[in-house]
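Structures given as C-alpha cells follow.
Paired with chain B in one complex and with chain C in the other, chain A is shared by the two complexes that follow.
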Partner chain A sequence: MTQETLKPQEKKALIELLYQLADDDFLLAFRGSEWLGLAPHIEEDVAFSSISQDMMGHANLYYNLLEILGEGEADRIAHLRSPNQFRNAIILEEVNGPGTYLKEPDYDWAFTVVRNYFYAVHKHIRLDSLRHSSYEPLAEAARKIMTEQYYHLMHWEIWFKQLMTSTDEATLRMTAAIQKVWKDFGGVLTLGPYYEDIVKANFIDDENVMKKRWNNKIEAVLKEVGASYPGEPRMERGNGRNGVHTEDLKQATSTLSEVYATNPATGW
Partner chain B sequence: MTVGMSFNQLSEDEKMTHFLDRINAGEKIEPDDWMPEDYRLQLIRLISMHGISEIMGALPEKEWVPKAPSLHRKLAIMAKVQDEMGHGQLLLRVAEDLMAPLGKNRHDIMEDLFSGKLKFHNVFHMDAPTWGDAGIIAWLVDGAAIISQSMMLDSSYGPYARALKRICAEEVFHAQHGESIILAMAEGTPEQREMLQDSLNRWWESLIMFFGPKSAKETGNSNADKNIMYKIRTKTNEDLRQEFFTKYIPRIWSLGLTIPDDTIRFDEDSQMWIYKDADWSKFKQIVSGNGPQSQNRLDLRRRSYKNNEWVRAALAAKKAI
Partner chain C sequence: MSELKSSMTESVMDALGDVKDPEIASVSILDLGMVHEVDVTDDKVRISVLPTFSGCPALHIIERDIKKAVENVEGITSAEVKFVFTPSWTTDRITPEGRERLKEFGISPPPANHVMGEPWEIDCPYCGSTYVTMENIFGPTACRSILYCKSCKNPFEAMKPVADMG
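== the complex of A and B ==
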C-alpha cells in the first residue's frame, strides 16, 4: 500500500499506529536523554546517550511519515499536541526517579534497565513484524530502524542479565523494578482502540501474536536468571493508546516544547 | 634487550638528554617509554583536566537537550553531547595509563574532581540560561577548543596526539552545529536576536578566559611554559587567543552582533588585537569551584556517583551465568 491507495478507514488506523510508534520512542528517548552525565559510569553515558539519540531519530522518522499523511509538520506534531493526544504507553512517560534532570536527580538505574530492556524486546518484535507491513513507507522505516535497534536490545539484555545475577542488593533492586514495570507494561503491548482496523489492513501483526512472543521471550530470560515469571503484565493506570496519561507526561511535553512553543512560526 | 639494558645503565641526566633529543627530533613518546616524572605529571594534569572538562562540559548543554526547539536540533545536540562524553572517556583512558605506575585509577580521578583538587575548564562553571547559550557554547566555546586542541595535534605524547585527532574532527561538526543555531537566530525575530546578543554578552569574558592568562604573572602558574618545553603544546595562551579573535571577531560582526568590549580593535602596527583583558582573580575563583554553577554541576555528578554505587559493586561482583 502507498499513501495514494489507502482507504479512509485504513488511513485513520495507520495514523493511530504511527502515533503509537512515534510517541513511544519519543518519550523514552527523552527519559534517556535526562540520564546524560548521570549514568553509572562514563562508558555507559556514551552508550546510553547514543541509544537515546538513535531512538529520537526513530521517532523523527515516524513523525515524518505522519507529516506525509497530512497530520501537519513533524515539529508541530512532536511539540504542540496536548498530552491527551499522545499515544505512547504510560510506563514510557514515567519519570526516571525522584528529582528532575536539572536538580537533585535520584534516578533509579534498575528501573531504567528493566524498562528499556522490556521495551527493547517488544520493539524488536514489533519491528520484525513492521518489516513486512502492507504500508511500504512504514516497512522501509522499520528496516532502517532495525539495524540500530539490534544493538540497543543487545545492550539492555547484557545489563539486565548482569544485574540480575550479581550482588543480593542488585537482585533486590532489579526485582522491585520488575514488579514496578510489570504493573503498566501491558500498555506497551496493546495496539489500542483501532486494533482491528490496524491488523485487518496488515500494517502489523495481531497484538495477541506479538504479546505471546514477548511473554515467551521474557519468561525464558527470567528463568535463565533464576527469577519467576509473574504472569501477563498489567495496565493498572490505564491505556496510553486511548490518550490516558499521567502528570509525568505533562511535565515531559512542557519541557520538550519549552523553546519551540515560544514561537513555532519562526526558524530555530 | 641489549639496548634496553644499556639504557637502564644510563644516569638520570643521560636519560633526560636522550628523552629531550627524542622529542626535539619529533619522535612520539609512548606509555611504556621512559619519561621524566615531571613530564608524566604534566601530562596527567593536562589530560585529566581536559578529559574531566569534556565530561563536565556535557552538563550545561545537556540542560538544553530536551528543550532543543525542533526535532532536527534535538538530534544534533544529542549527538554533540554524546561526542563530548566520548571525548571525556577517550582522554580519561589516556590519563589512566599514565597514572597506573603511580597506583592511581579512574576512581581517583572522580574523587579528585569531587574534592575540588582536579579542576575543570572555566567555561563549564557558567550559567547557560537560554537556548542562545546552547548556540554560543557550540559555536564559540567549541571554536575556541578547536584552536587550542589543534595546536596539540602534534603533541610529543603519542596517545594524546592520536586522541586529539579524532576529537578535533568531531569538534568541527560541533562548531558547524553551533553556527547553524546562531545563524537561524540572527536571521530570526527581534526576540531571537536579542536572546543571542544576551548570550554573547554573557559568554564573552569566559571566552577571553578560555585560553588562560597571558603569562605566569596573572595566576602564578607556569604550566604553559613547561608544556611548550616538553613539546606537549606549541603556542602560548596569547597566541591562541589572538588566533581566536582573528577567526571569530569578523564573523561575529558580520552577523550584526556587538562584542561587549568597546576597546576591541585590530592594531595594524603590532598585527595584534587590542582588547579588554579578563579579570583573572575572578578566573581563579571560578576554576576553584566558586563559579555560578560549579557546585550545582559537581553535585549532579557526586549524587549520581553515590546513587549508582550499587551498580558498580554489582558489576565488580559479577558471577558467570
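== the complex of A and C ==
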C-alpha cells in the first residue's frame, strides 16, 4: 500500500497508529534526555544520551510519515499539539522521580531500567511486525529503526538482568519498580480504539499476538533472574491511545516545546 | 546515457567526493556509501542519500553541504537532496578508501559482512592489535563505540556494525 492507494478508513487508522508509535518514542526519549548528567556513571551517560537521541530520531521518522499524510509539518506535530491529542501510553510520560533535572532530581534508576527494558522488548516485537507492514513507507522506516534499536534492547537487557541479580537492595528496588510499571504497562501493549481497522489493513500484527509475545518473553526473563511473573500488565490510569493522560504529559510537552513555541515560524 | 549527461554526472560525483561527514572530517559521504542515486536532468540534479543513523544531527548539515557543493558544478543550477531508507544504509557500504580514512581518524572500521546478533572483531586502528576491550558500545556519536587497545595503550573508537535485518 502507498499513500495513493489508501482508503479513507485505512488512512485514519494508519494515522492513529503512527501517532502511537511516534509519541511513545518521543515521550520516552524526552524522559531519557532528562537523565543527561545524572546517570549512575559517565559511560551510562554517554550510552543513555545516545539511545535517547536515536529514539528522538525514530519519533521524527514517524512524524515525517504523518506530515506526508497531511497532518502538518513534523515539527509542529511534535511541539504544538495539546495533551489530549497525544497517543502515547501513560507509563511512558511518567516523570523519572521527584524533583526536576535542574532542581533536586531524586530520579529512580530502577524505574528507568524497568520501564526502558520492558519498552525495548515491546518495541522490538512491534518493529519485527512493522517491517512487513502493508504500508510500504512504514515498513521501510521500521527496517531502518530496527538496526539501531537492536543495541538499545541489548543495553537495557544487561542492566535489567544485572540489577535483578546483584545486591539485596538492588533486587528490592527493582521489584518495586516492576510492580509500579506493571500497573500501567498494559497501555503500551494496546493499539487503542482503531485497533480493528489497524489490524484489518495489515499495518501491524494483531495486538493480542504481540501481547502474547511480550508476555512470553518477559515471563521467561523474570524466571531466569528468579522473579515471579505478576500476570497480565494492567492499565490502571487509563488508555493513552484514547488521549487520556496525566499532569506529567503536560509538564513534558511544555518543557519540550518551551523554545519552539516562542516562535514557531523560526527555524530552530 | 548521452555523453554530456554522463560527464555531468561525473562532475557531480567529483563534487560529492568533497562533501565530508561533519563529525568525521577525513571521510566523505561517498566513502561512507551514503549516496544512493544521482540523477542529472539538464541543469538539475536529484540526489538520494541514505542516512546512517536516523537521529543523526549531522543530516541537515550534510544536506546543506551537498546542495552547496553540487550547485557549484558548472552547468548545474539546482540540486535536490532526498533522504531515503531503501536500500538501508549498512556498514558494508563503506568503501575500502573509506575504511582506510576512518582508521586515519582513529576510528576502527566495522567488519565488512556483519550478521546482526553475532559477535564481531574490532582491531586497533593504530597498531592493528586484536587485544582490545570494549569500554562502551555507545560513543560520542550515534554510530560509534569506545574501545581501548591493551597492546599500544590507546583509547580509540569503532563504528558500530549495522547490517540489514531483513
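In the analysis below, the second predicted complex is superposed on the first by the 268 of 268 C-alpha atoms of A that agree within 3 Å, B and C clash if a C-alpha of one lies under 4 Å from a C-alpha of the other, contacts with A are read in each partner's own complex, and residues count from 1 in each chain.
To be clear about the criterion, a contact is a pair of C-beta atoms (placed from the backbone, for glycine too) under 8 Å apart; a residue touches a chain by one contact, two chains touch by 3 or more.
Since this is a predicted model, take the numbers as computed values, not measurements.
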{"item": "Which superposed partner A:Tyr260 touches (first chain B, second chain C, both, neither)", "value": "first"}
{"item": "First, second, both or neither for A:Ser50, with chain B first and chain C second", "value": "both"}
{"item": "Chain B versus chain C as contact partner of A:Lys12, first or second or both or neither", "value": "neither"}
{"item": "Contacts of A:Lys183 with chain B and chain C, given as first, second, both or neither", "value": "neither"}
{"item": "Touching partner for A:Lys212 - first (chain B), second (chain C), both, neither", "value": "neither"}
{"item": "Residue contacts with chain A in the superposition, chain B compared against chain C", "value": "B"}
{"item": "Chain B versus chain C as contact partner of A:Trp109, first or second or both or neither", "value": "first"}
{"item": "Partner chain(s) touched by A:Tyr63 [first = chain B, second = chain C, both, neither]", "value": "first"}
{"item": "Which of chain B and chain C A:Lys161 touches, first, second, both or neither", "value": "first"}
{"item": "Which superposed partner A:Glu169 touches (first chain B, second chain C, both, neither)", "value": "first"}
{"item": "Set intersection of chain A contacts, chain C complex versus chain B complex", "value": "43, 46, 50, 53, 56-57, 60"}
{"item": "Touching residues (chain side chain A, partner chain C) in the complex", "value": "43, 46-47, 50-51, 53-58, 60-61, 131, 140-141, 143-148, 150-151, 154-155"}
{"item": "Residue ranges of chain A touching chain B (in the complex, touch as defined)", "value": "30, 33-34, 36-43, 45-46, 49-50, 52-53, 56-57, 59-60, 63, 74-75, 78-79, 101-102, 104-107, 109, 161-163, 165-167, 169-170, 173, 224-225, 255-256, 258-260, 262-263, 266-268"}
{"item": "Contact set on chain B toward chain A in their complex", "value": "55, 58-59, 62-63, 65-75, 78-79, 81-82, 85-86, 88-89, 92, 106, 131, 181, 184-185, 187-189, 191-192, 299-301, 303-304, 307-308, 310-315, 317-319, 321"}
{"item": "Chain A partner contacts - residues on chain C that touch it in the complex", "value": "51, 53-57, 85-86, 88, 90, 116-117, 135-142, 146, 160, 162-166"}
